[in-house]
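In this document, chain identifiers A, B, C and D correspond to the written order of the chains, with residue numbering beginning at 1 in each.
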Amino acid sequence: MHTLNIRVYYEDTDAGGVVYYANYLKFAERARTEWLRELGFEQDILLEQNIAFVVKHVEMHNNAPARFNQMLSITSHIVELKGASMTFKQDIINALGKVLVTVQAKIACVDLVAMRPRRIPEAMLGEFSRVI
Amino acid sequence: MHTLNIRVYYEDTDAGGVVYYANYLKFAERARTEWLRELGFEQDILLEQNIAFVVKHVEMHNNAPARFNQMLSITSHIVELKGASMTFKQDIINALGKVLVTVQAKIACVDLVAMRPRRIPEAMLGEFSRVI
Amino acid sequence: MHTLNIRVYYEDTDAGGVVYYANYLKFAERARTEWLRELGFEQDILLEQNIAFVVKHVEMHNNAPARFNQMLSITSHIVELKGASMTFKQDIINALGKVLVTVQAKIACVDLVAMRPRRIPEAMLGEFSRVI
Amino acid sequence: MHTLNIRVYYEDTDAGGVVYYANYLKFAERARTEWLRELGFEQDILLEQNIAFVVKHVEMHNNAPARFNQMLSITSHIVELKGASMTFKQDIINALGKVLVTVQAKIACVDLVAMRPRRIPEAMLGEFSRVI
(Lines give C-alpha, C1' and ligand atoms only; values in the text may rest on other atoms or scores of the structure.)
Protein backbone atom coordinates (compact mmCIF):
# COMPACT_ATOMS: atom_id res chain seq x y z
CA MET A 1 0.00 0.00 0.00
CA HIS A 2 1.21 3.48 -0.87
CA THR A 3 -0.03 6.99 -0.08
CA LEU A 4 0.62 10.24 -1.95
CA ASN A 5 -0.64 13.67 -0.91
CA ILE A 6 -1.75 16.01 -3.68
CA ARG A 7 -2.87 19.63 -3.52
CA VAL A 8 -5.74 20.74 -5.78
CA TYR A 9 -4.65 23.77 -7.84
CA TYR A 10 -6.70 26.04 -10.13
CA GLU A 11 -5.44 24.01 -13.12
CA ASP A 12 -7.25 20.94 -11.75
CA THR A 13 -10.67 22.55 -11.36
CA ASP A 14 -13.43 23.56 -13.77
CA ALA A 15 -16.20 26.14 -13.93
CA GLY A 16 -18.37 23.82 -11.80
CA GLY A 17 -16.04 24.76 -8.93
CA VAL A 18 -14.75 21.19 -8.48
CA VAL A 19 -11.96 19.00 -9.86
CA TYR A 20 -12.56 18.23 -13.56
CA TYR A 21 -13.35 14.52 -13.79
CA ALA A 22 -10.50 13.54 -16.13
CA ASN A 23 -7.98 15.09 -13.74
CA TYR A 24 -8.58 12.44 -11.08
CA LEU A 25 -6.86 10.09 -13.54
CA LYS A 26 -3.82 12.39 -13.49
CA PHE A 27 -3.73 12.20 -9.70
CA ALA A 28 -4.02 8.40 -9.85
CA GLU A 29 -1.12 8.18 -12.27
CA ARG A 30 1.10 10.44 -10.20
CA ALA A 31 0.47 8.11 -7.25
CA ARG A 32 1.35 4.97 -9.24
CA THR A 33 4.49 6.67 -10.56
CA GLU A 34 5.63 7.68 -7.06
CA TRP A 35 5.04 4.16 -5.79
CA LEU A 36 7.17 2.72 -8.61
CA ARG A 37 9.86 5.26 -7.76
CA GLU A 38 9.81 4.29 -4.08
CA LEU A 39 10.26 0.66 -5.13
CA GLY A 40 13.31 1.71 -7.14
CA PHE A 41 11.91 1.99 -10.68
CA GLU A 42 12.22 5.18 -12.71
CA GLN A 43 9.99 5.32 -15.78
CA ASP A 44 12.36 7.45 -17.85
CA ILE A 45 15.00 4.71 -17.54
CA LEU A 46 12.37 2.08 -18.45
CA LEU A 47 11.45 4.20 -21.50
CA GLU A 48 15.08 4.16 -22.65
CA GLN A 49 14.82 0.35 -22.53
CA ASN A 50 11.63 0.65 -24.62
CA ILE A 51 9.50 -0.54 -21.71
CA ALA A 52 6.34 1.38 -20.98
CA PHE A 53 3.20 0.88 -18.95
CA VAL A 54 -0.11 1.48 -20.66
CA VAL A 55 -3.49 1.86 -18.97
CA LYS A 56 -5.64 -0.76 -20.69
CA HIS A 57 -8.77 -0.44 -18.63
CA VAL A 58 -9.91 2.05 -16.05
CA GLU A 59 -13.00 2.35 -13.91
CA MET A 60 -13.67 5.46 -11.87
CA HIS A 61 -16.45 6.11 -9.41
CA ASN A 62 -17.21 9.60 -8.08
CA ASN A 63 -18.82 9.67 -4.67
CA ALA A 64 -18.28 13.35 -4.01
CA PRO A 65 -16.28 16.15 -5.63
CA ALA A 66 -12.85 17.39 -4.60
CA ARG A 67 -12.56 21.17 -4.49
CA PHE A 68 -10.04 23.90 -5.19
CA ASN A 69 -7.19 24.15 -2.67
CA GLN A 70 -8.01 20.90 -0.84
CA MET A 71 -5.24 18.54 0.19
CA LEU A 72 -6.03 15.02 -0.99
CA SER A 73 -4.49 11.64 -0.21
CA ILE A 74 -4.27 8.97 -2.88
CA THR A 75 -3.94 5.45 -1.50
CA SER A 76 -2.91 2.71 -3.92
CA HIS A 77 -3.11 -1.07 -3.65
CA ILE A 78 -2.21 -3.76 -6.16
CA VAL A 79 -5.25 -6.04 -6.40
CA GLU A 80 -3.99 -8.29 -9.19
CA LEU A 81 -0.48 -9.08 -10.39
CA LYS A 82 0.07 -11.11 -13.55
CA GLY A 83 3.11 -11.64 -15.75
CA ALA A 84 2.34 -8.83 -18.17
CA SER A 85 -0.18 -6.66 -16.29
CA MET A 86 -1.21 -5.45 -12.88
CA THR A 87 -4.35 -3.88 -11.50
CA PHE A 88 -4.32 -1.02 -9.02
CA LYS A 89 -7.17 0.04 -6.77
CA GLN A 90 -6.81 3.65 -5.70
CA ASP A 91 -8.83 5.87 -3.39
CA ILE A 92 -8.82 9.66 -3.50
CA ILE A 93 -9.52 10.81 0.05
CA ASN A 94 -10.14 14.24 1.57
CA ALA A 95 -8.70 15.61 4.83
CA LEU A 96 -11.64 14.22 6.83
CA GLY A 97 -10.93 10.69 5.59
CA LYS A 98 -13.89 10.58 3.21
CA VAL A 99 -13.30 8.59 0.01
CA LEU A 100 -14.30 11.01 -2.77
CA VAL A 101 -13.29 9.01 -5.82
CA THR A 102 -12.17 5.43 -6.46
CA VAL A 103 -10.10 4.40 -9.46
CA GLN A 104 -9.35 0.86 -10.60
CA ALA A 105 -6.73 0.72 -13.35
CA LYS A 106 -5.35 -2.26 -15.22
CA ILE A 107 -1.85 -1.48 -16.48
CA ALA A 108 -0.14 -3.52 -19.17
CA CYS A 109 3.58 -3.68 -19.79
CA VAL A 110 4.44 -3.03 -23.45
CA ASP A 111 7.52 -3.26 -25.64
CA LEU A 112 7.65 0.08 -27.47
CA VAL A 113 9.70 -1.28 -30.39
CA ALA A 114 7.50 -4.28 -31.17
CA MET A 115 4.47 -2.29 -29.92
CA ARG A 116 3.08 -5.31 -28.14
CA PRO A 117 2.57 -6.66 -24.62
CA ARG A 118 5.64 -7.96 -22.84
CA ARG A 119 6.43 -9.54 -19.49
CA ILE A 120 6.96 -7.11 -16.62
CA PRO A 121 10.71 -7.11 -15.80
CA GLU A 122 11.49 -9.77 -13.17
CA ALA A 123 12.93 -7.27 -10.67
CA MET A 124 9.63 -5.34 -10.74
CA LEU A 125 7.53 -8.47 -10.42
CA GLY A 126 9.62 -9.40 -7.40
CA GLU A 127 9.10 -6.03 -5.73
CA PHE A 128 5.38 -5.91 -6.54
CA SER A 129 4.74 -9.40 -5.16
CA ARG A 130 6.52 -8.30 -1.97
CA VAL A 131 4.24 -5.27 -1.44
CA ILE A 132 0.98 -6.70 -2.75
CA MET B 1 -26.52 8.52 -32.15
CA HIS B 2 -24.14 11.42 -32.54
CA THR B 3 -20.69 11.81 -34.11
CA LEU B 4 -18.05 14.44 -33.41
CA ASN B 5 -14.70 14.74 -35.19
CA ILE B 6 -11.70 15.73 -33.09
CA ARG B 7 -8.13 16.48 -34.12
CA VAL B 8 -5.29 15.30 -31.84
CA TYR B 9 -3.02 18.24 -30.98
CA TYR B 10 0.32 18.31 -29.15
CA GLU B 11 -1.53 19.26 -25.94
CA ASP B 12 -3.34 15.89 -26.03
CA THR B 13 -0.26 13.70 -26.30
CA ASP B 14 2.45 12.60 -23.88
CA ALA B 15 6.11 11.57 -24.03
CA GLY B 16 5.01 8.04 -25.00
CA GLY B 17 4.03 9.59 -28.36
CA VAL B 18 0.33 8.82 -27.94
CA VAL B 19 -2.75 10.51 -26.46
CA TYR B 20 -2.45 10.72 -22.65
CA TYR B 21 -5.08 8.39 -21.21
CA ALA B 22 -7.02 10.97 -19.20
CA ASN B 23 -7.47 13.09 -22.32
CA TYR B 24 -9.80 10.55 -23.93
CA LEU B 25 -12.26 11.59 -21.22
CA LYS B 26 -11.99 15.18 -22.44
CA PHE B 27 -12.82 14.05 -25.98
CA ALA B 28 -15.79 12.05 -24.67
CA GLU B 29 -17.12 15.05 -22.80
CA ARG B 30 -16.77 17.37 -25.79
CA ALA B 31 -18.86 14.88 -27.78
CA ARG B 32 -21.59 14.69 -25.11
CA THR B 33 -21.64 18.49 -24.91
CA GLU B 34 -22.00 18.92 -28.67
CA TRP B 35 -24.81 16.36 -28.75
CA LEU B 36 -26.67 18.27 -26.02
CA ARG B 37 -26.13 21.47 -28.02
CA GLU B 38 -27.54 19.89 -31.18
CA LEU B 39 -30.60 18.84 -29.20
CA GLY B 40 -31.01 22.45 -28.13
CA PHE B 41 -29.46 22.45 -24.65
CA GLU B 42 -26.65 24.83 -23.71
CA GLN B 43 -24.85 23.95 -20.51
CA ASP B 44 -23.99 27.53 -19.58
CA ILE B 45 -27.71 28.32 -19.50
CA LEU B 46 -28.34 25.18 -17.46
CA LEU B 47 -25.62 26.29 -15.03
CA GLU B 48 -27.41 29.63 -14.55
CA GLN B 49 -30.45 27.57 -13.52
CA ASN B 50 -28.17 25.67 -11.10
CA ILE B 51 -28.49 22.49 -13.13
CA ALA B 52 -25.32 20.58 -13.85
CA PHE B 53 -24.38 17.12 -15.10
CA VAL B 54 -21.83 15.19 -13.09
CA VAL B 55 -19.98 12.07 -14.25
CA LYS B 56 -20.73 9.55 -11.49
CA HIS B 57 -19.12 6.51 -13.01
CA VAL B 58 -16.88 5.98 -15.98
CA GLU B 59 -15.33 2.92 -17.57
CA MET B 60 -12.74 3.25 -20.31
CA HIS B 61 -11.12 0.52 -22.36
CA ASN B 62 -8.05 1.17 -24.51
CA ASN B 63 -7.68 -1.15 -27.47
CA ALA B 64 -5.03 0.85 -29.27
CA PRO B 65 -3.52 4.32 -28.89
CA ALA B 66 -4.48 7.45 -30.79
CA ARG B 67 -1.54 9.44 -32.05
CA PHE B 68 -0.49 13.04 -32.62
CA ASN B 69 -2.22 14.79 -35.53
CA GLN B 70 -4.77 12.03 -36.17
CA MET B 71 -8.38 12.90 -36.89
CA LEU B 72 -10.68 10.92 -34.62
CA SER B 73 -14.42 10.37 -34.60
CA ILE B 74 -16.32 10.07 -31.36
CA THR B 75 -19.64 8.26 -31.67
CA SER B 76 -22.07 8.53 -28.76
CA HIS B 77 -25.14 6.48 -27.87
CA ILE B 78 -27.43 6.69 -24.87
CA VAL B 79 -27.66 3.16 -23.47
CA GLU B 80 -29.75 3.94 -20.39
CA LEU B 81 -32.06 6.83 -19.62
CA LYS B 82 -33.53 7.25 -16.16
CA GLY B 83 -35.25 10.15 -14.44
CA ALA B 84 -32.09 11.56 -12.84
CA SER B 85 -29.29 9.97 -14.82
CA MET B 86 -28.27 8.69 -18.22
CA THR B 87 -25.51 6.42 -19.46
CA PHE B 88 -23.56 7.08 -22.64
CA LYS B 89 -21.54 4.56 -24.59
CA GLN B 90 -18.92 6.26 -26.72
CA ASP B 91 -16.38 4.95 -29.22
CA ILE B 92 -13.22 6.80 -30.23
CA ILE B 93 -12.47 5.72 -33.78
CA ASN B 94 -9.55 6.41 -36.13
CA ALA B 95 -9.73 7.29 -39.84
CA LEU B 96 -9.63 3.59 -40.81
CA GLY B 97 -12.72 2.86 -38.73
CA LYS B 98 -10.86 1.06 -35.95
CA VAL B 99 -12.29 1.54 -32.46
CA LEU B 100 -9.31 2.69 -30.39
CA VAL B 101 -11.00 3.47 -27.10
CA THR B 102 -14.45 2.90 -25.63
CA VAL B 103 -15.92 5.00 -22.85
CA GLN B 104 -19.05 4.28 -20.86
CA ALA B 105 -20.13 7.19 -18.67
CA LYS B 106 -23.03 7.47 -16.25
CA ILE B 107 -24.04 11.11 -15.89
CA ALA B 108 -26.21 12.35 -13.03
CA CYS B 109 -28.23 15.53 -13.02
CA VAL B 110 -27.56 17.64 -9.92
CA ASP B 111 -29.04 20.72 -8.31
CA LEU B 112 -26.05 22.95 -7.57
CA VAL B 113 -27.80 24.87 -4.77
CA ALA B 114 -28.98 21.85 -2.79
CA MET B 115 -25.93 19.91 -4.05
CA ARG B 116 -27.98 16.80 -4.60
CA PRO B 117 -29.39 14.70 -7.43
CA ARG B 118 -32.40 16.10 -9.24
CA ARG B 119 -34.66 15.02 -12.08
CA ILE B 120 -33.41 15.76 -15.58
CA PRO B 121 -35.55 18.63 -16.98
CA GLU B 122 -38.60 17.24 -18.82
CA ALA B 123 -37.69 18.89 -22.11
CA MET B 124 -34.32 17.10 -22.07
CA LEU B 125 -35.85 13.76 -21.11
CA GLY B 126 -38.22 14.18 -24.03
CA GLU B 127 -35.44 14.86 -26.51
CA PHE B 128 -33.23 12.05 -25.18
CA SER B 129 -36.01 9.47 -25.33
CA ARG B 130 -36.58 10.54 -28.93
CA VAL B 131 -32.93 9.94 -29.95
CA ILE B 132 -32.16 6.95 -27.76
CA MET C 1 -3.98 35.75 -41.88
CA HIS C 2 -5.83 32.71 -40.56
CA THR C 3 -8.90 32.26 -38.37
CA LEU C 4 -9.87 29.24 -36.27
CA ASN C 5 -13.06 28.91 -34.23
CA ILE C 6 -12.81 27.16 -30.87
CA ARG C 7 -15.50 26.22 -28.38
CA VAL C 8 -14.74 26.59 -24.65
CA TYR C 9 -15.43 23.28 -22.86
CA TYR C 10 -15.44 22.46 -19.14
CA GLU C 11 -11.89 21.11 -19.50
CA ASP C 12 -10.69 24.63 -20.44
CA THR C 13 -12.17 26.44 -17.45
CA ASP C 14 -11.24 26.70 -13.78
CA ALA C 15 -12.96 27.30 -10.46
CA GLY C 16 -12.86 31.05 -11.15
CA GLY C 17 -15.51 30.34 -13.82
CA VAL C 18 -13.28 31.43 -16.71
CA VAL C 19 -10.72 29.88 -19.05
CA TYR C 20 -7.57 28.86 -17.12
CA TYR C 21 -4.78 31.18 -18.28
CA ALA C 22 -2.40 28.48 -19.57
CA ASN C 23 -5.16 27.09 -21.79
CA TYR C 24 -5.14 30.15 -24.04
CA LEU C 25 -1.72 28.91 -25.16
CA LYS C 26 -3.35 25.61 -26.19
CA PHE C 27 -5.89 27.52 -28.28
CA ALA C 28 -3.10 29.56 -29.87
CA GLU C 29 -1.17 26.42 -30.79
CA ARG C 30 -4.23 24.72 -32.30
CA ALA C 31 -4.66 27.79 -34.52
CA ARG C 32 -1.01 27.76 -35.65
CA THR C 33 -1.25 24.02 -36.36
CA GLU C 34 -4.40 24.42 -38.45
CA TRP C 35 -2.82 27.25 -40.41
CA LEU C 36 0.22 25.06 -41.19
CA ARG C 37 -2.15 22.30 -42.25
CA GLU C 38 -4.05 24.63 -44.58
CA LEU C 39 -0.72 25.60 -46.14
CA GLY C 40 -0.03 21.92 -46.74
CA PHE C 41 2.26 21.03 -43.81
CA GLU C 42 1.43 18.21 -41.41
CA GLN C 43 3.47 18.22 -38.22
CA ASP C 44 3.44 14.44 -37.76
CA ILE C 45 5.20 14.10 -41.13
CA LEU C 46 7.65 16.82 -40.12
CA LEU C 47 8.31 14.94 -36.86
CA GLU C 48 9.20 11.81 -38.85
CA GLN C 49 11.82 13.96 -40.61
CA ASN C 50 13.03 15.06 -37.14
CA ILE C 51 11.78 18.58 -37.72
CA ALA C 52 9.86 20.23 -34.92
CA PHE C 53 8.75 23.72 -34.00
CA VAL C 54 9.50 24.92 -30.50
CA VAL C 55 7.99 27.96 -28.80
CA LYS C 56 11.03 29.94 -27.70
CA HIS C 57 9.31 33.02 -26.39
CA VAL C 58 5.71 33.88 -25.70
CA GLU C 59 3.95 36.98 -24.47
CA MET C 60 0.29 36.88 -23.51
CA HIS C 61 -1.94 39.75 -22.49
CA ASN C 62 -5.37 39.19 -20.92
CA ASN C 63 -7.83 42.00 -21.49
CA ALA C 64 -10.92 40.07 -20.39
CA PRO C 65 -11.73 36.45 -19.58
CA ALA C 66 -13.29 33.91 -21.92
CA ARG C 67 -16.05 31.86 -20.31
CA PHE C 68 -17.47 28.35 -20.39
CA ASN C 69 -19.38 27.46 -23.56
CA GLN C 70 -18.35 30.56 -25.51
CA MET C 71 -17.36 30.27 -29.15
CA LEU C 72 -14.05 32.02 -29.72
CA SER C 73 -12.17 33.00 -32.86
CA ILE C 74 -8.40 32.88 -32.98
CA THR C 75 -6.88 35.10 -35.64
CA SER C 76 -3.20 34.55 -36.49
CA HIS C 77 -0.71 36.72 -38.34
CA ILE C 78 2.98 36.19 -39.02
CA VAL C 79 4.73 39.37 -37.89
CA GLU C 80 8.30 38.23 -38.48
CA LEU C 81 9.74 35.53 -40.70
CA LYS C 82 13.42 34.61 -40.45
CA GLY C 83 15.37 31.63 -41.77
CA ALA C 84 15.07 29.57 -38.59
CA SER C 85 12.20 31.19 -36.72
CA MET C 86 8.92 33.01 -37.14
CA THR C 87 6.79 35.14 -34.86
CA PHE C 88 3.00 34.91 -34.73
CA LYS C 89 0.65 37.52 -33.35
CA GLN C 90 -2.67 35.96 -32.38
CA ASP C 91 -5.90 37.44 -31.04
CA ILE C 92 -8.52 35.46 -29.13
CA ILE C 93 -11.84 37.15 -29.88
CA ASN C 94 -15.37 36.59 -28.53
CA ALA C 95 -18.61 36.49 -30.53
CA LEU C 96 -19.06 40.26 -30.16
CA GLY C 97 -15.67 40.91 -31.77
CA LYS C 98 -13.95 41.91 -28.54
CA VAL C 99 -10.28 40.90 -28.29
CA LEU C 100 -10.06 39.03 -24.98
CA VAL C 101 -6.47 37.82 -25.11
CA THR C 102 -3.46 38.50 -27.33
CA VAL C 103 -0.60 36.07 -27.77
CA GLN C 104 2.73 36.75 -29.45
CA ALA C 105 4.79 33.62 -29.97
CA LYS C 106 8.26 33.19 -31.44
CA ILE C 107 8.63 29.70 -32.88
CA ALA C 108 12.01 28.18 -33.72
CA CYS C 109 12.60 25.31 -36.09
CA VAL C 110 14.73 22.57 -34.49
CA ASP C 111 16.47 19.42 -35.65
CA LEU C 112 15.38 16.77 -33.15
CA VAL C 113 18.43 14.53 -33.75
CA ALA C 114 21.07 17.23 -33.28
CA MET C 115 18.74 19.00 -30.84
CA ARG C 116 19.62 22.37 -32.29
CA PRO C 117 18.10 25.16 -34.39
CA ARG C 118 17.83 24.49 -38.11
CA ARG C 119 16.58 26.36 -41.16
CA ILE C 120 12.84 26.19 -41.78
CA PRO C 121 12.31 23.92 -44.84
CA GLU C 122 12.36 26.00 -48.04
CA ALA C 123 8.84 24.94 -49.09
CA MET C 124 7.48 26.28 -45.80
CA LEU C 125 9.45 29.51 -46.03
CA GLY C 126 8.00 29.97 -49.50
CA GLU C 127 4.43 29.48 -48.34
CA PHE C 128 4.87 31.67 -45.25
CA SER C 129 6.37 34.54 -47.23
CA ARG C 130 3.38 34.30 -49.56
CA VAL C 131 0.82 34.67 -46.74
CA ILE C 132 2.71 37.08 -44.46
CA MET D 1 12.19 34.51 -2.59
CA HIS D 2 10.45 31.16 -2.62
CA THR D 3 11.34 27.73 -4.04
CA LEU D 4 9.01 24.87 -4.97
CA ASN D 5 10.10 21.48 -6.27
CA ILE D 6 7.95 19.87 -8.97
CA ARG D 7 8.19 16.45 -10.58
CA VAL D 8 7.48 16.16 -14.33
CA TYR D 9 4.81 13.48 -14.91
CA TYR D 10 3.52 11.99 -18.16
CA GLU D 11 0.55 14.41 -18.02
CA ASP D 12 2.99 17.34 -18.37
CA THR D 13 4.78 16.11 -21.48
CA ASP D 14 3.88 15.92 -25.17
CA ALA D 15 4.78 13.78 -28.18
CA GLY D 16 7.94 15.85 -28.64
CA GLY D 17 9.20 14.12 -25.48
CA VAL D 18 9.40 17.33 -23.46
CA VAL D 19 7.13 19.42 -21.23
CA TYR D 20 4.29 20.97 -23.27
CA TYR D 21 4.90 24.73 -23.31
CA ALA D 22 1.62 25.79 -21.71
CA ASN D 23 2.30 23.51 -18.75
CA TYR D 24 5.21 25.63 -17.53
CA LEU D 25 2.54 28.21 -16.69
CA LYS D 26 0.85 25.60 -14.48
CA PHE D 27 4.13 25.02 -12.64
CA ALA D 28 4.59 28.78 -12.21
CA GLU D 29 1.12 29.15 -10.75
CA ARG D 30 1.59 26.27 -8.32
CA ALA D 31 4.73 28.01 -7.07
CA ARG D 32 2.95 31.35 -6.61
CA THR D 33 0.09 29.60 -4.80
CA GLU D 34 2.44 27.78 -2.41
CA TRP D 35 4.27 31.00 -1.66
CA LEU D 36 0.98 32.73 -0.81
CA ARG D 37 0.12 29.77 1.40
CA GLU D 38 3.46 30.01 3.25
CA LEU D 39 2.75 33.69 3.86
CA GLY D 40 -0.59 32.67 5.39
CA PHE D 41 -3.02 33.29 2.53
CA GLU D 42 -5.32 30.55 1.24
CA GLN D 43 -6.94 31.30 -2.10
CA ASP D 44 -10.12 29.35 -1.42
CA ILE D 45 -10.78 31.63 1.57
CA LEU D 46 -10.00 34.67 -0.59
CA LEU D 47 -12.46 33.35 -3.21
CA GLU D 48 -15.19 33.19 -0.56
CA GLN D 49 -14.51 36.89 0.02
CA ASN D 50 -14.82 37.40 -3.76
CA ILE D 51 -11.14 38.22 -4.05
CA ALA D 52 -9.21 36.58 -6.85
CA PHE D 53 -5.88 37.04 -8.57
CA VAL D 54 -5.86 37.20 -12.34
CA VAL D 55 -2.81 36.90 -14.59
CA LYS D 56 -2.99 40.04 -16.71
CA HIS D 57 0.27 39.67 -18.58
CA VAL D 58 2.79 36.89 -18.87
CA GLU D 59 6.09 36.55 -20.66
CA MET D 60 7.82 33.18 -20.92
CA HIS D 61 11.21 32.39 -22.36
CA ASN D 62 12.30 28.82 -23.08
CA ASN D 63 16.05 28.27 -22.98
CA ALA D 64 15.93 24.49 -22.94
CA PRO D 65 13.23 21.86 -22.50
CA ALA D 66 12.32 20.04 -19.29
CA ARG D 67 11.84 16.31 -19.74
CA PHE D 68 9.69 13.49 -18.40
CA ASN D 69 10.47 12.41 -14.83
CA GLN D 70 12.85 15.29 -14.09
CA MET D 71 12.69 17.06 -10.74
CA LEU D 72 12.48 20.81 -11.27
CA SER D 73 12.78 23.77 -8.92
CA ILE D 74 10.70 26.87 -9.39
CA THR D 75 12.15 29.97 -7.80
CA SER D 76 9.89 33.01 -7.44
CA HIS D 77 10.65 36.65 -6.75
CA ILE D 78 8.38 39.67 -6.57
CA VAL D 79 9.90 42.29 -8.87
CA GLU D 80 7.14 44.89 -8.58
CA LEU D 81 4.50 45.47 -5.93
CA LYS D 82 1.73 47.99 -6.48
CA GLY D 83 -1.57 48.59 -4.72
CA ALA D 84 -3.64 46.43 -7.04
CA SER D 85 -1.07 44.26 -8.80
CA MET D 86 2.25 42.53 -8.39
CA THR D 87 4.78 41.10 -10.82
CA PHE D 88 6.58 37.81 -10.23
CA LYS D 89 9.78 36.68 -11.91
CA GLN D 90 10.09 32.91 -11.81
CA ASP D 91 12.83 30.52 -12.97
CA ILE D 92 12.27 26.86 -13.76
CA ILE D 93 15.56 25.12 -12.99
CA ASN D 94 16.76 21.55 -13.52
CA ALA D 95 18.74 19.39 -11.06
CA LEU D 96 22.05 20.71 -12.44
CA GLY D 97 21.05 24.31 -11.68
CA LYS D 98 20.42 25.25 -15.32
CA VAL D 99 17.59 27.74 -15.87
CA LEU D 100 15.36 26.05 -18.45
CA VAL D 101 12.47 28.49 -18.57
CA THR D 102 11.79 31.96 -17.19
CA VAL D 103 8.32 33.31 -16.53
CA GLN D 104 7.38 36.88 -15.71
CA ALA D 105 3.77 37.26 -14.64
CA LYS D 106 1.81 40.38 -13.70
CA ILE D 107 -1.03 39.45 -11.38
CA ALA D 108 -3.96 41.77 -10.71
CA CYS D 109 -6.27 41.59 -7.72
CA VAL D 110 -9.94 41.59 -8.76
CA ASP D 111 -13.28 41.89 -7.01
CA LEU D 112 -15.34 39.00 -8.39
CA VAL D 113 -18.70 40.65 -7.66
CA ALA D 114 -17.97 43.97 -9.34
CA MET D 115 -15.65 42.17 -11.79
CA ARG D 116 -13.09 44.91 -11.58
CA PRO D 117 -9.61 45.58 -10.17
CA ARG D 118 -9.39 46.15 -6.45
CA ARG D 119 -6.67 46.90 -3.93
CA ILE D 120 -4.71 43.91 -2.66
CA PRO D 121 -5.79 43.30 0.97
CA GLU D 122 -3.57 45.27 3.36
CA ALA D 123 -2.38 42.16 5.24
CA MET D 124 -1.10 40.70 1.96
CA LEU D 125 0.56 43.94 0.90
CA GLY D 126 2.30 43.98 4.27
CA GLU D 127 3.59 40.43 3.91
CA PHE D 128 4.68 40.93 0.31
CA SER D 129 6.57 44.13 1.06
CA ARG D 130 8.36 42.22 3.84
CA VAL D 131 9.57 39.43 1.48
CA ILE D 132 10.17 41.46 -1.66
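The rule is short, and it goes like this: a contact is a pair of C-beta atoms (placed from the backbone, for glycine too) under 8 Å apart; a residue touches a chain by one contact, two chains touch by 3 or more.
Everything numeric in this text was worked out from a predicted model, so none of it was measured.
S.K.: Any idea whether A-D or B-D has more C-beta pairs in contact?
M.R.: It is A-D, judged by the count of C-beta pairs in contact.
S.K.: Using C-alpha centroids, which chain lies at the maximum separation from chain A?
M.R.: Taking each chain's C-alpha mean as its centre, the farthest from chain A is C.
S.K.: State, to the nearest whole Å, the distance from the C-alpha centre of chain A to the C-alpha centre of chain B.
M.R.: Those two chain centres are 23 Å apart.
S.K.: For chain B versus chain D, what separation do you get between their C-alpha means, in angstrom?
M.R.: 32
S.K.: Taking each chain's centre as the mean position of its Cα atoms, how many Å separate chain A from chain D?
M.R.: 27
S.K.: Pull out every residue in chain C that's touching 2 or more other chains.
M.R.: 10-11, 15-16, 22, 26, 29, 47, 67-68
S.K.: Would you mind writing out the residues of chain B in touch with chain A in their complex?
M.R.: 15-16, 21-23, 25-26, 29, 47, 52, 54-62, 65, 112
S.K.: Which bits of chain B are touching chain D when the two form their complex?
M.R.: 10-11, 13-18, 20, 22, 67-68
S.K.: Under the touch definition given earlier, write down the residues of chain D that touch chain A in their complex.
M.R.: Against chain A, the touching part of chain D is residues 7, 9-11, 26, 29-30, 33-34, 42-44, 47, 67-70.
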